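As written, the chain order gives the labels A, B, C and D, with residue 1 at the start of each chain.
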Amino acid sequence: MSRKYVMEFERPLIELEEQLVALRRIDLSDNPDLMIEVSALASEIDRLRIETYGHLTPWERVQVARHPDRPKVQDYLAAIFSDVIELHGDRLYGDDAAIVAALATLDGRRMVVLGHRKGSNTKENIKRNFGSPHPEGFRKAMRAMRLADKFGLPIVSFMDTKGAHPGIDAEERGQAWAIAESLALLSELHVPIVTVGIGEGGSGGALAIGMGDRLIMLENSYYSVISPEACASILYKDSARAADVAEPLKMTAGDLLDLGVSDETIPEPLGGAHQDPEAVFSAVSERISSAVGSLVVIDDDELVERRYKRHRAIGVFEEGA
Amino acid sequence: MSRKYVMEFERPLIELEEQLVALRRIDLSDNPDLMIEVSALASEIDRLRIETYGHLTPWERVQVARHPDRPKVQDYLAAIFSDVIELHGDRLYGDDAAIVAALATLDGRRMVVLGHRKGSNTKENIKRNFGSPHPEGFRKAMRAMRLADKFGLPIVSFMDTKGAHPGIDAEERGQAWAIAESLALLSELHVPIVTVGIGEGGSGGALAIGMGDRLIMLENSYYSVISPEACASILYKDSARAADVAEPLKMTAGDLLDLGVSDETIPEPLGGAHQDPEAVFSAVSERISSAVGSLVVIDDDELVERRYKRHRAIGVFEEGA
Amino acid sequence: MPIADWFKARDERRYTSIGGGSAQTDVPEGVWSKCDACKRTIYEGELVAANRVCPHCGHHFPLTAMQRIDLMADEGTFVEFDAGLTSVDPLQFCAVKPYADSLDAAQDKTGLNEAIITGRATIGGHDVVIAAMDFRFIGASMGSAVGEKVTRTLEAARAEKRAAVIVTASGGARMQEGILSLMQMAKTSSAVARLGSAGLPYISVLTDPTMGGVTASFAVLADVVFAEPAARIGFAGPLIIEQTIRQKLPRGFQSAESMLQHGMLDGVVPRDELASRVSLVLDYLALASQSGDAS
Amino acid sequence: MPIADWFKARDERRYTSIGGGSAQTDVPEGVWSKCDACKRTIYEGELVAANRVCPHCGHHFPLTAMQRIDLMADEGTFVEFDAGLTSVDPLQFCAVKPYADSLDAAQDKTGLNEAIITGRATIGGHDVVIAAMDFRFIGASMGSAVGEKVTRTLEAARAEKRAAVIVTASGGARMQEGILSLMQMAKTSSAVARLGSAGLPYISVLTDPTMGGVTASFAVLADVVFAEPAARIGFAGPLIIEQTIRQKLPRGFQSAESMLQHGMLDGVVPRDELASRVSLVLDYLALASQSGDAS
């Protein structure tokens, strides 16, 4: 059995858990003292589990958001949607595997699903560039957005990216242009747009398909103007100090709710969504249905107006003399 | 002095002209017989000039249309337009030098000018791919079309291409898609579109910026579904037999007028537009102004409707039982 | 057929080539076909049952326009438009042979009046207009008649608020009609644009081969574009490209799979899934456009 | 100044670095500047007369926001919007040093309240709203105040039927305001879209450097996009790209000239032609949009 992925902060807990497993393999029926010790260890582990996972720091949440076993857009598509037809290509240059666009059905409601698509394993991650889109990915998403708009299909967008790909070809094919145009387009669509932050929400590359009428964040997903590593690299000239900036950047689901940027937080199982994906699927499905349901009844123009006001209102500043 | 470009069919004439020039360099004052011969040669040349250029065959017109000294879109821009601001790029991939898009002013009227852009010399022709656009060229043109539509600027389009570039990269970036989208877009623009065939009009690559409300053809320009070489290559397995298919393809300005595809023909100086560019500039300028002037007064929606009907009506077929 | 009978009957069979391939290998006509791709023989009944997809290698044999419609439309729902609409020879075109003769020969060979069949039908219960091209008819090239039939079909979709489904196969524009056939690109593209402005869905299915002026007009302007496996799709023909660039084309160039990778298609769909896939897309687009559920 | 006096006065001069370059060579402040590009010295008066373009090599020195507006707007026509609108420190951000301190320092250094100046003016007689960014102010990064000022400016253009002209220079989003600054991309892009729907023209001029969230929002959404020569324009910073791809970047990467070649700009315009070029574009777009001549 391959060793499971261990996040740094959960290592002490995992090690104790492994010791407990080892101890329980031994027949202790003639050693009551040791049995008591094992029992104490089990209690200690229970306590430590709560301590470890019960109050995650922002940096720990970032690690949970990046956990390789964390459910990804393809898992949501498989688990909660039916009649899925993936749409491909930007009709211009390529079919970016880091973005998924699909016709999909949730609770009988036809919609367009967008998402950053990370791979489920290393090989797939290389193909999908670890979920970091090139311009053609955003342009594929834009094509799907226009299709949704034309045919009155609500859009549900799953945000999960470290960010738009920083590369020579991406810059030369207009990464900034693709993101900007996607934002302008999203602002004018006459259909509801619900975004779910399911993992990483890295900067403009996340926003480019994440701007909409409702933002729902999983408890351990993050959404930030800059990755904590890049921020630490700028401020401390040391990307290893990411943990130090994760808190001040206010990038957790809780921060976003406090700041009025997100609308709701979906709690995760103790330790993260990967500990009980089924529970997460069910909650996400229910919250999307509810959000879309509350938006489809709004008149088109009113919807666009509200979306404008929603983003118009974000920002804190002072009116001087 | 570099030798001037000679078209195959004018070679006998040019050779006689050169002989005449040589003879006239000789002092013939003491040789009246020879003087008479020279005079006869001059008359013969005049006769031959009319014979050579007066009734060009379709294949000869194709050669005139391709003459390297023939005025090109940049010559028209310089000669008859003012306040020219070239627009660049498709915002997607590149800036195709084989297509020009510009804000330009004719007789005080602001407009958008499009054109296939051949080079004025070999070096420039290589840069401009001999006026054969890649998809990014058509997409640049589309950007200019949308700009024209948004700001109510009439479009004048100069057609002069052997055709869209047939190449691996062009195919892979969606040559057919770019052309088709350009046609669909042109069909819906709410501004007048006047096209002038100034040289070659090769197939879909010409049509992609050539579809509009009025088609004006220079006398020796051509416009064809397929190049005569490619047609001969298919039918005779021999592209050298292009001359044999130029007539049946009905690709001359006169044919187009007869078929109802073009609206008017601008006569050229004897021998072709390159023999007296100024006269051609003046005629073209006048005809564009007149065409645009007659279109700008038409209501937007009516204009689109008429454009639809214009193309809707093209085609000859039989209704059977 | 018992194997002994098969050997016994062998000499009585006529052999012919199937599928338009260049390999002039002998194949039993009517009873046995030989696959262009894997060269294996296939019993005709098996081929028909598999919608003319090779059971050995998955190669998709060409279909006639009527076979296409049978494949896509709900049984018994197809009603043809403009069956009598035919090409004439507007340019009196004659090079090598008269266009009029080519038309006659194509009509004789196919029993069709033109290279496309159009009409009304339902697909998975959705009201559609449907068109399918027939490559046997002068390479399903688009002249005035094809352009007119496509345009009328798209106009009917708009008038009757139906979705449009077009299955393409074409060598491109019909050069024997000169500039008139080029203009069919403008005409059909305009009709697609109008249908789109009316908010009605259009799905196209590109089959082998879809080239030239058909690709560069109505074929690729659909809301959702599918293609059959290995279909050749492009603008310029491979020979012209090779002549221009003076190098060999890469393997798989202009294949449906390559065009998918280059972002030009929504999917490559095996023939036996086509009808259900198109029907499902119509569930999304046609229902939404009719009920206005979300807006 | 006679050469002898110059030598005499030399020791009295203070030397400082100009233009934000990394070379810490001494340059006489106020009187002489040293060009970052060609390293030659330029008499300050000459530099001012040339709009701070090096007369030796054409290098474009940075301009302040007010210098930008002076360069673009017709003289005496500029009326500022929201001069008192300033950033606060919504996240109480503190890493290395408090954001509040950075704001104070930037205000002290520049005499500005924020990294952008916005207002009403005319350009070549055309009514416009105009905005210019000031890189000295925390790298002209976009936080809530910049986003708000850009948005109000675009909204004013819409309300007053004016064209919008924005001169950008920015390191990107202002990370000290976290997600709030990311959301300014959505806010400003929405405002551009609205202006566009109203049929009003928007021209942007990208100057060195225009990066990150400013490039990826309002900067490139203009109807016509110009850039100054050699301006660095992009989304990701070159260091991040080098770290990601582990190779050196090609020469000229992310330069205005390279972005023009890659289809992203309408033109690279030398500073001394900028105002007249923008004015001429407005002749096309603003007049047309007001007179409705063609439609």
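Note that a contact is a pair of C-beta atoms (placed from the backbone, for glycine too) under 8 Å apart; a residue touches a chain by one contact, two chains touch by 3 or more.
In this text, all values refer to a predicted model and were calculated from it rather than measured experimentally.
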{"item": "From chain B, the most remote chain by mean C-alpha position", "value": "A"}
{"item": "Distance between the centres, which are taken as Cα means, of chain D and chain B, whole angstrom", "value": "43"}
{"item": "Whole-Å gap separating chain B and chain C, where each centre is the average of the chain's CA atoms", "value": "34"}
{"item": "Whole-Å gap between the CA centroids of chain A and chain B", "value": "55"}
{"item": "Where chain C touches two or more other chains at once, by residue number", "value": "196, 220, 262-264"}
{"item": "Per-residue multi-chain contacts in chain B, two or more chains", "value": "91-93, 173-174, 177, 181"}
{"item": "Pairs of chains satisfying the touch condition", "value": "A-B, A-C, A-D, B-C, B-D"}
{"item": "Chain B - residues contacting chain A, complex", "value": "91-93, 135, 139, 173-174, 177, 181"}
{"item": "Complex contact set, residues of chain C against chain B", "value": "82-88, 90-96, 113, 143-145, 147-148, 151, 173-175, 177-187, 189-194, 196-197, 212-213, 215-221, 233-237, 240-241, 244-245, 249-250, 253-254, 258, 262-264"}
{"item": "Residue ranges of chain C touching chain A (in the complex, touch as defined)", "value": "196, 199, 201, 220, 223-224, 260-267, 277, 280-281, 283-285, 287-289, 292-295"}
{"item": "Residue ranges of chain B touching chain D (in the complex, touch as defined)", "value": "83, 85-95, 103, 109-110, 136, 140, 147, 150-154, 190-192, 296, 300"}
{"item": "Of all residues in chain B, those that touch chain C in their complex", "value": "164-168, 170-177, 179-181, 183-188, 203-204, 207-208, 211, 223-226, 230-232, 234-236, 244-245, 248-251, 255-256, 259, 261, 307-308, 311-312, 314-321"}
